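You will see two complexes here that share chain A, one where it goes with chain B and one where it goes with chain C.
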Partner chain A sequence: MAEEVLVPAARRDAEPIRRAFGAGAAGWWGRAGAGLRGYRLIVGMWIRSTMAYRASFVLAVCGNAAITFLDFVAISIMFTHVDALGGFTLPETALLYGSASASLGLADLLLGSSERIGSRIRDGSLDTMLVRPVPVLAQVAADRFALRRVGRVVQGLAVLAWAVSRLEVEWTAAKVLLLPVMVVAGAAIFAAVLVAGAAFQFVAGDAAEVQNSFTYGGNTMLQYPPTVFAKELLRGVTFVVPLAFVNWLPALYVLGRPDPLGLPDWAAFASPAVALALFVPASLAWRAGLRSYRSTGS
Partner chain B sequence: MGVDAGVDAGVDAGVDGGGPEVLIELHGVEKVFAVRRRAGLLRREKHQVRAVDGISFEVARGEVVGYIGPNGAGKSTTVKMLTGILTPSAGRLRVAGIDPARERMRLAHRIGVVFGQRTTLWWDLPLKDSYGLMRRLYRIPRARFAENLERCVDRLDLGPLLDVPVRQLSLGQRMRGDIAAALLHDPEVLYLDEPTIGLDVVSKAKVREFLRQLNAERGTTVLLTTHDLQDIEQLCGRVMVIDHGRLVYDGTPAGLHAAGAAGESERMLVLHLERELPAVCVEGARVVKVEGPRQWLAFPAGASAAPLVAQVAARYPLSDLSVREPDIEDVIARMYAGRG
Partner chain C sequence: MHLRTGRRAGLYLAVAVGGFRRYAAYGVATAAGVFTNTAFGFIVACTYMALWAERPGLGGYDQGQALAFVWVSQSMLAACALLGGGFQEEVQERIRTGDIAVDLYRPADLQLWWLAADLGRAAFQLLGRGLVPLVAGALVFPLALPADPVRWLLFLGSVLLGLVVSFALRWLLALSAFWLLDGSGVNLVAVVASVFFSGMLLPLTVFPGGFGELVRVLPWAAILQVPLDVLLGRHAGAAEVWRALGFQAVWALLLLGAGRLVQSAATRKVVVQGG
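After this line comes the complex of A and B, so read on.
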């Protein structure tokens, strides 16, 4: 008792840790449930309001898909001059392109709005979210939900489907299963990066740019075969910011190619675990960020 | 700091007859901000700002309390701590028995918040879509929602505005829309941060009348920060003055004037003469400031300005004039003067 009275500051510092780990699974699930429900409601409302202008929505989706598709046109043009890129054929590169694009598209569709949190912090409008009975992350992610971003997902999946139809691969059950797992786990990895990026904006105002280099920059990198990049870069995106698990490692397994870094086959199936592991630091960072907002004010 | 003075007698929801129930409770609450200042090229100095420096008070259910003070006194910081937006650095704070910082979401169901400077509505959506979303986020039963919405729409004249996106509303319309949004879930406490700032006279009157009815009929506890002395005089049974993070007055609005220098607040007649003149001399007012052709005359707030204007106009070359109502800063300044 006496000890507690003597060290109130230390107790306060321990509070976020106690809340993150010690609050009990029930509390965590309760918050997650409330977050999903709030997210669903807010997103539903934005979709309804978008659908009020159906024609403009269709145009926006088509425009979105067309612009992202130009990326792939650029890659195809490259292949009119060369037969292979880093030893990868066009359908093989298309597999990488389509999966990376679909993963980033999904993450961006579901959580992309969180990028705007920086301006909400600066103008203080985050305050209004803190007085609503919905977890702030859910509100931030659902804010102005833009269904038109589905364009990138559609385009990515289309390229992926084309690649699968052209690939000369012996399809096993594991390889077939790995395709959807790769897209979903890849999206989850990008989502964790988006959450961490949003958290970082509590500390640094321009953190959105840093985050973009990981999401959009990472996406551009993952669209090309890993064999065209330097080993140091590959190590960085495998072991430091594990973007290689978004699509490179699973895709290499599907294509029956060895990992340039010599990782074993099972690494191809590790993407979901990597995504889950990334969410731990990302959500801790988010909580720390939100807490720092709540103690510094605006 | 007790609730001895100015408890609104209108509603006494005393649960067990043992006096009014305490709804808001602060005990030695502090808020210290660490501010980083650039000192040199890379070096940054860190220093501390005490925005709220040990505040204690209680508010009983059904009170209407004005929370006033100069800019930067700590008003908004206190309200932010009471709503769970900010975490106090020290002290104990309870709203309806809930620690706001720890159970922000549970508290959200029991309080309503209106920020004068920013909206809690969804900027791009029609007002009624925002309300519909509120209903679902707060899990308000349909019948209750319909009833509350109808009352707000009726009394705040929101009918024609329901289909208008929030960004197209005028400030006064938006404020009314925001007040309605804060009340749909039947909060026990309503916080208003500068609810009448920037509003025209008609909108102000409408907002005040609505808040009065809300308190009288539903017993909603209201805590508002304001710069407008009329908000206090027309609405609040109790007023708290905060300055430099400390509570310097807690009592009735009438007592606030008594704590001031002259016992009664003064209005100001600002004269624009055609040329520079020595201080004018008129009955019932005294010149407090001369600045070029402009002169400031203080006169009792209860007196009419008309005879003064007539006197001045008859004897001096007057080009323009205006009357300034007493504001919070004046009252507080005079409070200090009266003390010293």
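After this line comes the complex of A and C, so read on.
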């Protein structure tokens, strides 16, 4: 609503800037291009500002990596008492842990700032984003971009590399290819969840924490073998919120293990398609949320 | 003299009630937190079931006790502020902006004021965020919760001591802003430490060897692990229970005392801008 009411005059004034951003060429591609360019500029700005306090930045990256690494230490401690958990060995579990962690880390790095939209809605500063000539989602995602979150990605990839070096798997071309696809598609699935979560904050800003159940909670779940969980829970994360496609299904294929729900082998390769399919409802929700936005006024 | 003490106690009680009501005002946020604690409870409970099925009696718990450990710790999580939250960011911000000068002017003790407010917050979060996840967990999983009311009373006492230890640690964190101005770095480190050393990720009794013995005597053990052990009856006999409570009390007093020392050092150096 507010967009229609507020924006026309501002849009007119912003036209030269829009053209400079290449947004003048209307249509979806033009918008997406403008979004990416805007995103890159805002992110660049925040990175420069972060680098002003380099020591603090290094500490924050290490802290970020450490806090996620402790999860893995806890899993390792579990494995000092048992040889296998749900039938999975430590390297096999590490494959799950590393890929889930890297995927969530990537999504959180690129889009995690969208969590802040709740406070933007509350204090009304989202209004200023509406009149800028960059798609709001790009602005929200780049808002206070936190490069320190790269810590989780690095740590996840390190555990993933360790797992791969320890696994006794007959590597085929498909399995090797599946590893990077798994991490990237997994990140895209988490990213769709983050966009949906940001949209949800238009309706219930105070309930932002619910999103954590799906992102951090999902991540914790995906770090463990699927055989550990109850069938109902597995069905939920396969067919309702398809987090199983983040890493479980591809990793099960890599490890040569059957899916506990009996899904066919090709499901292991479906993650990119699932991610794309998830973005449809997520972006529709985002649009609906943005359209329903009424400023707090002043 | 008595009148004064009475009025003092009334003041801190009012501050605590204020802390309680402040957090009770956000119903939707509380419901969202309950949802998240319950979701995590389900996930962690499943992993513990697999672990304890493989190694029954691990860490001195049977499976029912391990499951109770998961759900009670999820219920205590918000109250103990193990993942941050609570007052420390607010005090750091007040120090950074200089508003702390107003607090220092008040005819009340700074540390006791915030302790009262934090205990009020914790009381609300224990009820508002603790009860529903625990009931949900008890409905789905076979939790080995005691029927003995005395055990529950001892547990509540132990939780209270744990909350004071949690406050005292975070009070030191808050005061660090007098020197650091920006608390985000130390806050992150503090969360890392409290998540790992409190037993939230894994019961401290499961930690191996000398490292396990070390983590069980650190102050973070007093926040979550000791209250849970009191509830689950891991202590043989009354004497051991009192020793566990004593362990918590010692840490609470030591850390509160350290907080007072740091506070007096900080207030001597405080210079407030503006006029």
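In this section, the second predicted complex is superposed on the first by the 266 of 298 C-alpha atoms of A that agree within 3 Å, B and C clash if a C-alpha of one lies under 4 Å from a C-alpha of the other, contacts with A are read in each partner's own complex, and residues count from 1 in each chain.
By our rule, a contact is a pair of C-beta atoms (placed from the backbone, for glycine too) under 8 Å apart; a residue touches a chain by one contact, two chains touch by 3 or more.
Quantities reported herein were computed from a predicted structural model and do not represent experimental measurements.
Once chain A of one complex is fitted onto chain A of the other, the partner contacts of A:R294 are limited to chain B, with no touch recorded for chain C. When both complexes are overlaid on chain A, the residue A:I77 reaches chain C alone and has no touch with chain B. In the superposition on chain A, contact of A:A198 is made with neither chain B nor chain C. Contacts of A:V131 after superposition: chain B is touched, whereas chain C is not reached. Of the two partner chains, chain C is the only one touched by A:G86; chain B is not. After superposition on the shared chain, chain A has more residues touched by C, the comparison being chain B against chain C.
By the touch criterion defined above, A:A34 reaches chain B but does not reach chain C.
Looking at the shared chain after the overlay, A:M45 reaches chain B, while chain C stays out of its contact range. Those residues of chain C that touch chain A in the complex are listed here as 26-29, 31-33, 35-36, 39-40, 42-44, 46-47, 49-51, 54-55, 58, 182, 184-185, 188-189, 191-192, 195-196, 201-202, 206-208. Residues of chain A that touch chain B in their complex: 8, 31, 34, 38, 41-42, 45, 48-49, 123-125, 127-128, 130-135, 144, 291, 294-297. Against chain A, the residues of chain B that register as touching in their complex are 31, 33-34, 51, 77, 80, 83-87, 89-90, 101, 104-106, 108-109, 111, 113, 115, 118-120, 122, 124-125, 129, 132-133, 136-138.
The residues of chain A lying in touch with chain C in their complex are 56, 59-60, 63-64, 66-67, 70-71, 73-74, 77-78, 80-82, 84-86, 204, 206-210, 212-213, 217, 220-221, 224, 227-230, 233.
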